[in-house]
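Quick heads-up: structures coming right below.
What follows is subunit A paired twice: with subunit B in the first complex and subunit C in the second.
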Partner chain A sequence: MAATRRLGTGWTGLGVWIALLGLGIIGPGAAWGQDAATDFRNNCMSCHTIGGGRLVGPDLKGVTSRQDRAWLLKFITDPKAMIDSGDPEAQKLLKESGGVIMPTLPLGKARIEALIDLLESESKLERSKFAGQVVSNRPLGPEDIAAGERIFTGRQALSAGGAACYSCHTVQGVGGLGGGALGPDLTKVFERLGGRKGLTAWLGSPATATMQAAFGTHPLEQGEIESLVAYFQSQTQLAETPQPRQLFLGLGLAGACFALWGLNSLWKRRLGGVRRAMVQKAAIKG
Partner chain B sequence: MNVRSQIAMVFHLDKCIGCHTCSIACKNIWTDREGAEYMWWNNVETKPGTGFPTRWEDQDTYRGGWEIKDGKLRLRSANKGYVLGKIFHNPAQPSIDEYYEPWTYRYQDLFNAPEGSDQPIARPVSKITGKEIAIEAGPNWDDDLGGSPVYAENDPNLDSLTEEQREQLFAVERLVMFYFPRICNHCLNPSCVAACPSGAIYKRGEDGIVLIDQTRCRGWRACVSACPYKKVFFNWKTGKSEKCLLCFPRLETGQAPACFHSCVGRIRYLGVLLYDADRIEEVALSSDENLIEAHRSMILDPHDPQVIRQAQSNGVHDSVIEAAQKSPVYQFVKVWKMALPPHIEFRTLPMLFYVPPMSPVMSMRKGDVLTQSDQGLFHEIDNARVPMQYLAKLFGAGHDAKVRYALKKQMAIRSYRRAVTVGDIEPHIANQMLREADCTPAEAEAIYKLTSLCTFEERFVIPPMHREEALEMMEDPMDHKRETGFGLVGKPQRGS
Partner chain C sequence: MNGTILDLFLFVVLPYAATAIFFIGTIRRYRTQPFSYSSLSSQFLENKKHFWGLVPFHYGLIVILTGHLIGFLVPRSVIWWNRVPARLYILEISALIFGLLTVIGLIQIIYRRLSSGRVLVVTSTMDWVLYILLLIQVVLGLYTALAYPWGSTWFAALAAPYLWSLCKFSPDVSFVAPLPWMFKAHIVGAYALVAIFPFTRLVHLLVYPLPYVWRKPQVVRWYSRPEGIR
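Entry: the complex of A and B
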């Protein structure tokens, strides 16, 4: 009896779920409760403003009048494909942003359309709420650089509990073996992401899927961002030369091979056996 | 005094004809299985020779047996640091190549080969890999190869010989070999038991047979390294070690072990010895020179009333004591002092003893004629073809006194019997020889009888095994009767 009742409840529950899905009430988009403004804040604001001037990417005020809607949709859907296809406008944008390719956003067509709508409506406003944050002009001193290095290497924990930059990134000359190799080398990141303003904006809400996953729930604080920017600025002078690490790897491998060879010749007799060696010796003696 | 009983053995090497019947009898009963093909719990070696596995006597290579360190007995193979350092590869353990890769022949090739101008042949295939192999060695590869420059010359026992003696040994006129049949010695101080990390090897209390519990063995192979006689073998199929069990199922039913039973030369004797278990450590710590005498002194007189009393109080059954009194082993080892343990310097105190072999008749060339030596048919033992030092290395821990005694006695008895039956030796000369060999005519007759005219019952004095009493040593059957009936081998399986 009991088993039958439980089974019945199960089937009813499943039925309700199927019905709700069918009505589109529990769609993924709806479940996250995102609208175009949130999407813009999460995905675009690290590189773009609307009427706030250029960061890494161009100021998007009036972009809908500069480009036609179909082009925008195509570009936002897959920027890399657009650049690779040799589109002259896309090539120009790439050059302007100093070679930084816009990341492919994890958004569907409907949400990109909504974003374009948002761009259009916000461009008409005198002062958009997406004009970008105000970056302080406070001069950055050596203590900021030192603090930035501490944050980068993880000697100072991030206040929101994010992972230290060092675990995935490296900059030239940091640590004995350099930092992680999972993310890109950050030696030139200050130049690449458009200086103090661009880098500050980018660190405030990182755009790539990996960084979002890592820092989405552990955002950096304003003070931390300033220190990191100072640190990266100080690193810009250094050359991005990956050779020493390859040399280190090569030397390591060579050393390991040499050690194995040495051990092997030291314990050569370990696999030699008794009888075979004895017979061979007798054969040589004749 | 802690009197215990042990089934002990004597192999009379002067009688061994090297027919390998013992090995085959053993193989057919015990090791004719997958994973055990390469094992020869009983094997017969040609001496001088390297044996099976190759050069097993060389403990610098195999690290078997005991050594004395800081006045204490230590296993050569199992100091903790050494074991830890070699835990993934133990170079002291013989590889399959030191035994031999067992093989069979693909006989079907003889029937299935396509017609051609050549005779089809059955190709050898490995019994381990199943692939074709080039046969390099076998368990008796050096059988009868007296003086071979490969095997005989590499016998570790030749180390003590001078260069001149070596040359003589391998000179064509003096070429010599004898046979050395070997089984597990069922030692009193077994290093295999001491080395086992799983506690799977044990020496049976009632008869001293050393056995491996197949359910507790975890295949560490520490015993394979530790046994200086290399008589524990690793079964690669079951992943457990195995060894000679002295055919205990046969002994328990009053039959001699298969290799004893089938021995064509009737070289094998089996009987009970009573020994003092309290003295094992003290005896094993003796100096090389005193080892044999100390070992002998552990073996107790089964007629001594005090020994009998102690044995009885230790739970040794009267029938076992009676068997000990009739034991041929006791006669050979303790009374006549003719049987010697092999390589007692390994300090495991073997309970298998060997009567050292007399060498073949010495001949020499005179012109074109090959005649006996000037000393007649029987030569001085020091002029024997097998040098005394060689036998001393094998049976005397490097000291020849005991070996000399045993050989001299044998020689005297030969002369004495020759004087009795043929008469070409003067009786007073024969008697003089007996006196010099510490022997009397009565003893000579007794030795002659047990050597040459022995019956089955005289060679094998097997006591009733009293398994029921052996069980009672470990558990009280009355407990079982009261609590769980007569007990079950496994726990009962009930339906769920």
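Entry: the complex of A and C
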């Protein structure tokens, strides 16, 4: 009876606990309820300006008068599907952006509608606050390239404490075992993201969810961005080939075999050692 | 992907539910069946295959779990250590070695349970559930290490803040929502293991026999005398 009562109380408590947690927690960490300006800053600014000229993607000033609103909504909702459907305007945009497909944004219909409203209202201003940052024209030299490589590999720590690029990305020929593979190969990122201006904008406000999560609270500083841009520019003539991982796996397997040999050597007398010694001792006495 | 309902279920509801089940289940089992807090050794039933399963599995897993714990507790230190590529490689190769030892040991454990009649008889359904789940979990971990290097740093940069957000009761799934599904399955596997913990032999972790680490091997009992020996 007592056991039944305890069980009942336990499961009821568990249910209440989960319900309370569920009510209290769903939402605060996720990006619900952001305004259109924040959405634009987080998701669009890395590739677009409003009146600041082309980056990877087109300048969006006046886009609502160039394009039908329904088309814009459909395209922003799923750019890849529009491209795959053979839509001529989407194909043209793909060509102009050098083959870079716009990512599908983690926004619902209402937030995309609000973004389109924002594009319309900001386009009417003489200078939008989303006209983009002014990119320095300072010539980038060998010192910038060297600093960029140090930042990429982590030898020079990022001032805001972010993890080194090397952890998730690789560039051809860097390091014995190469860089990481969580993110894309960055050998040709300078070319892919439209050169100095486009890459600077992207690094200042990364568009992908992974980069936003990793660098949202650890943003890159302007000097670090310039060095990285110089480094990526210096690498862009190299070919992008998949990083071989056999050496990494091979070293792991060799190490595991060595460890097994070591464990066996350490305990080689494990079978029979105790019993045999006891029997021998008894035989000597007897 | 930023906070879909599925993400919220898997990375917010599931960890809290698993933790609740863990605490309620372990306390309840300790109060009702205190003497079941054991891994129920089967060494005396079969001793030769036992070594090649249990030893690599346990030493591998202890190191791997410690590595995960360090990445969670002091992520900045891991990021600092990995700032030098040579140090990053040493850490990653070492982790891979111990990960491989874990999977080799676990496969041997499962093979031993299947191939030895005496051990098979004392293997419960929950043991099989645990072994299958552990195998999936370890394989997913190894796959993540090999397919998405270098996990030691990005675990510290992405998974650790997510886990801390859970601990602070302010969950933020945006750190893990964009990560590859194989890694997300690894996280879900961990929660599943936490949830089934109280109902399996895993409870022996809570009465951890620390001297096992350094004591000399000890034969509990021989079940037969080898021929030719008195």
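One rule holds for everything that comes next: the second predicted complex is superposed on the first by the 209 of 286 C-alpha atoms of A that agree within 3 Å, B and C clash if a C-alpha of one lies under 4 Å from a C-alpha of the other, contacts with A are read in each partner's own complex, and residues count from 1 in each chain.
Here, a contact is a pair of C-beta atoms (placed from the backbone, for glycine too) under 8 Å apart; a residue touches a chain by one contact, two chains touch by 3 or more.
In this text, all values refer to a predicted model and were calculated from it rather than measured experimentally.
A.B. asks: If you tally the residues of subunit A touched by each partner, is the higher count for subunit B or for subunit C?
C.D. replies: Answer, by number of touched residues of subunit A: C.
A.B. asks: Have a look at where A:163 lands relative to subunit B and subunit C in the superposition and call it first, second, both or neither.
C.D. replies: second
A.B. asks: One more residue to check, A:209. First (subunit B), second (subunit C), both or neither?
C.D. replies: After superposing on A, A:209 lies in contact with subunit C but is clear of subunit B.
A.B. asks: Please indicate which partner A:54 is in contact with in the superposed arrangement: first for subunit B, second for subunit C, both, or neither.
C.D. replies: Neither partner.
A.B. asks: One more residue to check, A:41. First (subunit B), second (subunit C), both or neither?
C.D. replies: The answer is neither, since A:41 touches no partner chain.
A.B. asks: I'd like to check the shared interface: which positions of subunit A are touched by both subunit B and subunit C across the two complexes?
C.D. replies: 270, 273-276, 279
A.B. asks: Which residues of subunit A touch subunit C in the complex?
C.D. replies: 3, 6-7, 10-11, 13-14, 17-18, 21-22, 24-32, 106, 153-155, 157, 161-164, 166-168, 175-177, 179-182, 208-210, 212-214, 245, 248-249, 251-253, 255-256, 259-260, 263, 267, 270-276, 279, 283
A.B. asks: Where on subunit C does subunit A make contact in their complex?
C.D. replies: Contacts found on subunit C: 1-3, 8, 12-13, 16-17, 20-21, 24, 28, 31-32, 47-48, 51-52, 55-56, 59, 76, 79-80, 82-86, 88-89, 92-94, 96-101, 104, 146-151, 153-154, 156-158, 161, 165, 169-175, 177-180, 217-219, 222, 226, 229-230.
A.B. asks: Quick one: which bits of subunit A touch subunit B in the complex? Just the residue numbers, please.
C.D. replies: Subunit A reaches subunit B through residues 269-270, 273-276, 278-279, 282, 285.
A.B. asks: Mind pulling up the subunit B residues that touch subunit A in the complex?
C.D. replies: 50, 53-55, 58, 61, 89, 91, 94-95, 97-98, 136-137, 149-150, 153-154
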